[in-house]
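Both complexes shown next keep subunit A, but they swap its partner, so subunit B is in the first and subunit C is in the second.
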Partner chain A sequence: MSARLPQPNRLDHGGIINRDRPVTFTFDRRVYQGFEGDSLASALLANGVKLFGRSFKYHRPRGILGAGPEEPNALVEVDRGPADRDPNHRATMLEIYEGLETFSQNHIGPLNMDLMEVNDLFSRFLPAGFYYKTFFFGGLQAWYRLYEPIIRRAAGLGRPPLAADPHHYDKIYTHADTLVVGGGIAGLTTALSLAKAGQSVVVCEERDRMGGSALWQGETFNGETGAAYIAHMCREIEAAGGRLLPRTTVFGVYDAGTFGAVERCHDHLTKADRAPHTARMKYHRIQAKAVVYATGAIERSVGFNGNDRPGVMLASAGHTFLGKYGVRVGERVSLFTTHDGGYGTAAAFSAAGAEVTVLDARTDAADVSIDGVRVIKGVYAGQAHGRMGVRRVDYDGASSGSLDADALLVAGGWNPAVHLTSHTTDRRQSKPVYDAELLAFVPPELVDQEAAAGSVTGAMSTADCLATAQAAGKKLGGKKIELPTVDQALPVSKPMEMWAVPGAGDAAFLDMQNDATVKDVKLAAQEGFKSVEHMKRYTTLGMATDQGKTANVTGLALLAAATGRDIAQVGTTTFRPPYTPIPIGVLAGHHRQRDYAPFRYSPVHAWAEDNGATFMEAGLWMRPAYYTAPGDKDWLDSAVRETRATRGSLGITDVSTLGKIDIQGPDAAEFLNRLYTNGWKTLPVGKARYGLMLREDGLVFDDGTTSRLGENHYYMTTTTAHAAAVMTHMEFMHQSAWPDLAVAFASVTDQWGALALAGPNARACLAKLFPEVDVSNDGLPFMGVIETQWQGYTARLFRISFSGELAYEVAVPADIFDAFWQAALQAGAEWKITPYGLEALNIMRIEKGHVTGAELDGRVSMDDVGLGKMVSSKKDFVGRAMSEREAFSDPDRAKMVGLVAAKPGDKIIGGGIVFDSAEGPFDYTTMLGYVTSVAQYSPLKDRAIALAFIKNAADWHGKTLYVVSHVHGKSIMEVRAESPHFYDPNNEKVMA
Partner chain B sequence: MLIFCPHCGMRPSEEFTPKGLAEAPRPALGGDDRPEDDAWQDYLHTRTNKAGQTNEYFHHSLGCRRWIVVHRNTLTHEVTGSTMASEFWQNQQQAQDWEAGQ
Partner chain C sequence: MSPVLKNPLGAKWTAGRHGKAEGGPGVLASHTAGLTIVEVAALPGQAQAMRAALKAAFGMDLGAGSPAEGAENAVCTGPGQYLLTGHDVATVKAAVGDLALAVDQSSGRVRLTISGPAIAALLAKTCPLDLATWPVGAAHASHFLHIACTYFRRGDAEFDLYVGRSFAQSVGKWLLDASAEFGLEIA
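Right, the complex of A and B next:
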């Protein structure tokens, strides 16, 4: 064990820390020691550290305000190397461990002499609305040159990590009958009641252990200490099958009993203690039939000048550091209170040896006598002095004076933590309701599947909290349990209404993180921002990472006062998930980088990898783009070699990725008739037909061939890109519009592997593979289909062509596709069979003028792509009515055309805009159309060719046009327009 | 959020793909419909976007792949049930016929 270092503010007893386990850590490179169970805040306070950071806007020195998740000031960075640098941890929630290295944020130079503090001196020039107003002052140029660089430098909290997050994150579905949010004594009591009734219960507690303030407040339960009572309640819950999740924040409530929660599994452990390959955090997507909000309450401060000084903190925070961690935050303590609750804290500090003066805002407060505590009634804290830590407190009111103090605790009343109850509008209103008696917002009326327990309901004493827990249990079908007798109960009372003291101005802070002050709210009201939502945006109050947990209610109370309205009339802003900040990585889980989405591989993927393929993504599929052979200079060289080999003799390509849909049933033909523009009733068995599908709005959706395999059996292919969408479309039309059609269909894309043989020797190769089958032009004519066998397996032979060559597609079951592919390579060897990829396919289909997704981009009509004749006028089909829209027959519509580069070596750039003059102007007033697909080299034309859409396309055939790419410095490319069917326009080759 | 699929039961919303409001059936197969016909305009374009009880198409795309119509109140988010899309318009028609007969 390392040597013990002194901790000057640590009492020698008290707290629920483990004093046998000292923990050494650093803050801004200085070494400190605390104990196991400490938060960074409590450990640093034990060491006398008061200054934790700088505020966002004015860079004012800031200390600790709270002791929990509400903390606005003490944001620190945990540094475990450049990839693992984690900013904006709240020091109050960060558990220390051996070797933890932390840094303060938001300052230039040392923390105690931040160069940006000059902002504070100019604070009168940075009032609310500063950012909006600068736009009007000096104009945009002033913004760019003067203001923005300064603000950029000053803005931002902490430094982001510089490399990919090295951690694992898990996602889990967690189910429960009832979710209990908050493991304080109320939440646990309700959970026990429900668990005993046989419900499955999950309790999520944000802190490191169950129990909340009952653990350390000093109250006893049936004579037991709080810690002992909580411990046996936890055992009982677990014995009844309940699940307790500490370090788990429920950050959001969603419809129908869905909750988001993040469990922190690693952040409190040394690296050595983190089990390898386990998750740093787990995202629980909790599905629960019912929920108990036992989220507690957050204390609020009061607006007075200097209330942000280091050493000014919430009374509950001071009490927590004392009771939970044995840390006394001051020796001479001033305690400014508006209610009886302050006296419990005063008594605890006095008992711990501090000299305490209570400034009670109420003149009519009951007399309370506590040993060693001086009480001044009817006064308020008017000003706290001490830039780096409180030294003196001026009070005013019924009497005035000045107190020496090294800590100023503020008890301004409690705000129930209603945030989660307002996340959802599921079956009820979301807005919290203002209770003018309690001077606080409480949850709205909850539905049957919800209950609230503890101080979130507005209950103040522990006994009242327990009663609400009992009631919550009863509401949700729990078993009645004996409530404990609470002794040594802390005093409570409703607060006196005091949101800001008289004279509070631009140094009286409400939102400490965003530096919004009492004066800012008044200014907002003065300038007409009377809606709470407008005030929030104008002052930025509540818009920091803490979402104004300690600021919002006070801010809107002041807005109400400034505009002469009731607080209930003003209402609250909307609380949104997440309750506290969560790392984005935990929402992504394992869905990142390579695992973001699955990959789909063809059955011959491994063969392609071994044979020089370079792949490209097509949806989820990995498809060979080209195969690099010895001597190929680049991808285009490979693609052109593959094209020449195919056109000259024989090529083979893998078309397994095309969508394949098996359609069966007596109404199958009728179904196809309604899906496609062309007719299907006359297609005989053993024939394929090219089909075009429209969307219901009349634009082209997809194309492909469908073959009739049997009387009531069809086999449809779709483009790779639209396979899923076509399937979904067919399901929608069948189910929503024509459920009476007797047809069934299933995607069989993964069940069949398919290859295409193309080129003049394709038939000879196919005959060799299927010696029993007559594949002659008579036996298997163009668009013919034969179902046969290959080595005992079904094989389907289709005489279809996408390349413009004599070509066949052969489909066999995916399991044997690799073997069949090898057999085809062997059979084709004598014709130097050449595998070709998507790039060669692209060259060939552009030469042939076939369209793909680049052309069918959801904006083109049948006529635009030259397929207007493919309409059967005798029937109805999807998109028919809308395809007759007038605009579709506008002669000005851009239609497909072929473009050829003026000379070899010239490029055509995809996406370029087409004009009829090289002179310009090159804008929308003169543009004729745009380029959709480019073959950078067409062996047929010995230069680049392209497909494009231009107005009056046919009129331009044979004429010179210009393609201009605005994203390539307006380079101008001269081209000649012609028919898009460059290659074999009369289909002599495919029919041969 | 959970969505009830009449075929699979309560399932997480991530399994479903929404399509939009189911406010008008596809016009019956005819032959000489025109794009400007009200039935086509209603089917394709007119969405009332009302606050209150609505019917929305969802596809159980990562489940049974049935299209369903979810009955949801946009004011309260309450989901009161779902109907198979294949039965939805027939049911609507029956309800209308029944009302007309009253």
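Right, the complex of A and C next:
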């Protein structure tokens, strides 16, 4: 910030920049200086830079077209280091700061010598639809090998960042009575009216400060400068409780008063200036009862040859650079206008010392005399010359000639920024409507909760804009406020209809970003693309980052002319969110990587971490998959060791994650009767029962055990995976189908920590933990339940088994579960108690033939999993009628079977397809079924075993089958089928 | 010897200052360990009778049952549903009898109390509801970021958060993240 560098195009006064704060930055590695308050565009223009980038398709040299969010050309990359660069910043919206490094895009070699410019030489051979027409030749092979790689290289704007986004983002819920979109003078006036009436108001302004063009246009308000008047209003709005959010773009409108907005908090600051721990951007999810669209209007160009040359600019943009930033974009300025508005800009340039010639398309324009401004009426710009910057402008029409010029400003009329009014049809069906007087689309008739204010309504003068703001305030219940007297008002008038000039062809650009020309639109019409949506897709007009903000209306006007229709008949394409590009990261907000979703942790998670557990995700839960002990070679080694220790002596596992639901009330048994397939009324207090739930369609939903703890008190367990779904199902059935049942229930999943003790020594261990309780086979028989105490806390003992061993589950309050777990380890030490994880549990339950989520995948019936006997015929239950479908008794229906690998060491691949021959073909005509669960090693069988579903399952017992995995190179695995109940089929162990 | 209660908020939840270090803390947070929490849910048609029973037994006036008529020790979580603090499950069950379900949630729910000058800005990140429509004494079943959470407004800038125990570590981590820009003081 030491030495001041020259800024040749910067005037020595004017603008709302801070001239006391020079800012040094780079563009394509060259060092420049601007001032605080500059955009990259204004600062580079101040330095005489005209060339900002290359166009997408033809790689034509491009400069600046606009001065705001509509900019189609000047897209740059911001580089903050290797892991932190992002492409496609609009130079007009990017605020400079000390040390900012930016790069131009879309060229090979230097910007002024782009090798891809060869495309421009061939542009007449690259018309709209070129790709569709050309790449038929050679068929698909040619597409994949030749065309696609070449196109891919050339496609895309900018380089995508290759590393993870290093920034963090926040999502904010913002509430308001009224959201005002746009903080120009109209939006602020409406906001003030509403805030004074006591409404909570949020004003979102996409630019760096409130006030819009009133800040610098030179009009005065009650004798004050625009900047002073705006500052007063902002203070008043804030004093009345309103919130002003600059750098905040409302990008989308959604149903029921929901709006999406992105606030940019960091991108204009050096790293040192950013508040620590704050987000780069905030995604505001705004909920507002009412909305004011004060989104302004975007100027449009006119189609003429060379209208994309660097130095050809919208008149409003030239005026903005002059008024807002004190940057004069040319000394010899040609200004092509179709309405009176151009004269305000002409006068401003003339006052700034430029030599100005107005080319007024209207022969009947009123005579205007401005010092130093030459006016030629009835002419249009026919051709702009100067490849790297305008040098000369040819005009034609009532007279013709050629002008030396270093800037050509175009005032082609205004398009109200109606985009947001078409995002939702939640409360009204209508889309923006064409106003043939204004030659523009204006907002549709808005509903009671919506209003529009300012130039988006089609109002042109500042006074008219203020009047619409007052009306908007009145409509939404605001307080009447005195409007200021506007002096030194700028001239305005309706434009003459001129979308493209005579002779405009393939160098007359409409959509600068996609290089869609006047000729392309005519070609589309000729080739039958008469719908505006088809024309858009065929020509790409209106696509990509700017969504055709400067191009759409002109394009469809030309389509209307080419097809002999009215513009109103042609209509607009549908505007969709986002209004301007937003980073994906900001939508994710805080929820990325490890914070993508919450984790659920068991009360003994920390213990498991400290004791060698490797975790796996089970829904949101983190569950130990296996515990690595010294000497374990791999996960399977650990799981097999844990299995052997459990089967041989005593294992312990954490089952806290199972869903648990407490059910109370006189009708609790009836409730269970209706939910489960089996009967519950005969279950005595102190007993548990296995239960199966169906969905309405008769397929199996979930299983688990439910215990009766008291006369009217039950305790249900569900699978970990389906806990929430079962709870929802119960709520739904109780509230909608059986509201009369006197029952209430609550999830107690988090209240209880639970462990399972399994193995031949489980009973001895339990007896040590509960010396006062009779846990003998008589005192606590299979499926028995005892509620007792452990160290003054309730403990529930369940004799149930998933592993196939003699086993108990014990639940105690989660707060003391860690202590209880340690006590169990201590009690079991004499039997070498071994903690086991899900992998060992999986081996044991597959050996036992117990089903889990892999089997109960939403496609199986009770019979399919061998549980057809679990149906009570004495009652109705959810899914009963549909469970009697014919298809369920089809003998060809796949049912569960056990598979055993042919020899030790052979693998069975999960998800493999089962066939009865090794010869093939291995397709759906010959497949018998599929594998659902695999134990890569079963100590019982000394080889891999699996559960599968196959047709005529029982007939295959004892026979050889083949499992083929199509995703593993069609490897063929020989297996033998048998009953899925490999281990202790008569339940002697669990009953012992 | 009584067993040690395990801190459900995880190792990162430590007393002291977190996040922004300059100035006073924007957010203060504390966790009440060992709190007795009982969930009650009225059987169909019994909500008013249940409230009367609770009033008779404990003197709680829960009005007509709107979520705004709760109390610090009787937080409304849904129609006819409350989290009661300070009474054990046996006492509560004896009071409500067959009018309502009563279950112990002392281990199942974790209560955090948060307060401070930045509390509105913090809640704007975590909770989709509008604080302006939310009187002191009112409860809302809502979200803390993606996690189900019951909020109770104790005072203008003081809230109780009740979350499921298994989620508490994620809540703690996310609360640390979300309040870092304001400065967090954990008691």
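We adopt the following convention: the second predicted complex is superposed on the first by the 986 of 992 C-alpha atoms of A that agree within 3 Å, B and C clash if a C-alpha of one lies under 4 Å from a C-alpha of the other, contacts with A are read in each partner's own complex, and residues count from 1 in each chain.
The definition used in the following text is that a contact is a pair of C-beta atoms (placed from the backbone, for glycine too) under 8 Å apart; a residue touches a chain by one contact, two chains touch by 3 or more.
Only a predicted model underlies this, so the values are computations on that prediction, with no experimental measurement involved.
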item: Partner touching more residues of subunit A, whether subunit B or subunit C; value: C
item: A:464 touches, of subunit B and subunit C: first, second, both or neither?; value: neither
item: Subunit B versus subunit C as contact partner of A:698, first or second or both or neither; value: first
item: Touching partner for A:79 - first (subunit B), second (subunit C), both, neither; value: neither
item: Touching partner for A:750 - first (subunit B), second (subunit C), both, neither; value: second
item: Partner chain in contact with A:739 - subunit B first, subunit C second, else both or neither; value: both
item: Partner chain in contact with A:287 - subunit B first, subunit C second, else both or neither; value: both
item: Which superposed partner A:171 touches (first subunit B, second subunit C, both, neither); value: second
item: First (subunit B), second (subunit C), both or neither touched by A:916; value: neither
item: Touching partner for A:978 - first (subunit B), second (subunit C), both, neither; value: neither
item: Contacts on subunit A seen with subunit B and repeated with subunit C across the two complexes; value: 173, 285, 287, 739
item: List of subunit A residues in touch with subunit B within their complex; value: 173, 254-258, 285, 287, 424-428, 674, 696-698, 728, 731-737, 739, 875-876, 880-882, 884-886
item: Subunit A to subunit C touching residues, read off their complex; value: 170-175, 200, 275-279, 285, 287, 590-591, 595, 597-603, 606, 621, 656-657, 662-666, 712, 739-746, 748-753, 791-794, 813-820
item: Of all residues in subunit C, those that touch subunit A in their complex; value: 2-6, 8, 10-11, 19-20, 34, 39, 41-44, 98, 100-109, 124-125, 127-132, 145-147, 164-167, 169-171, 173-174, 177-178, 180-181
item: Complex interface listing, subunit B residues touching subunit A; value: 1-2, 12, 17, 19, 22, 25-27, 29-31, 33-35, 37, 40, 43-44, 57, 59, 61, 65-67, 75-79, 84-90
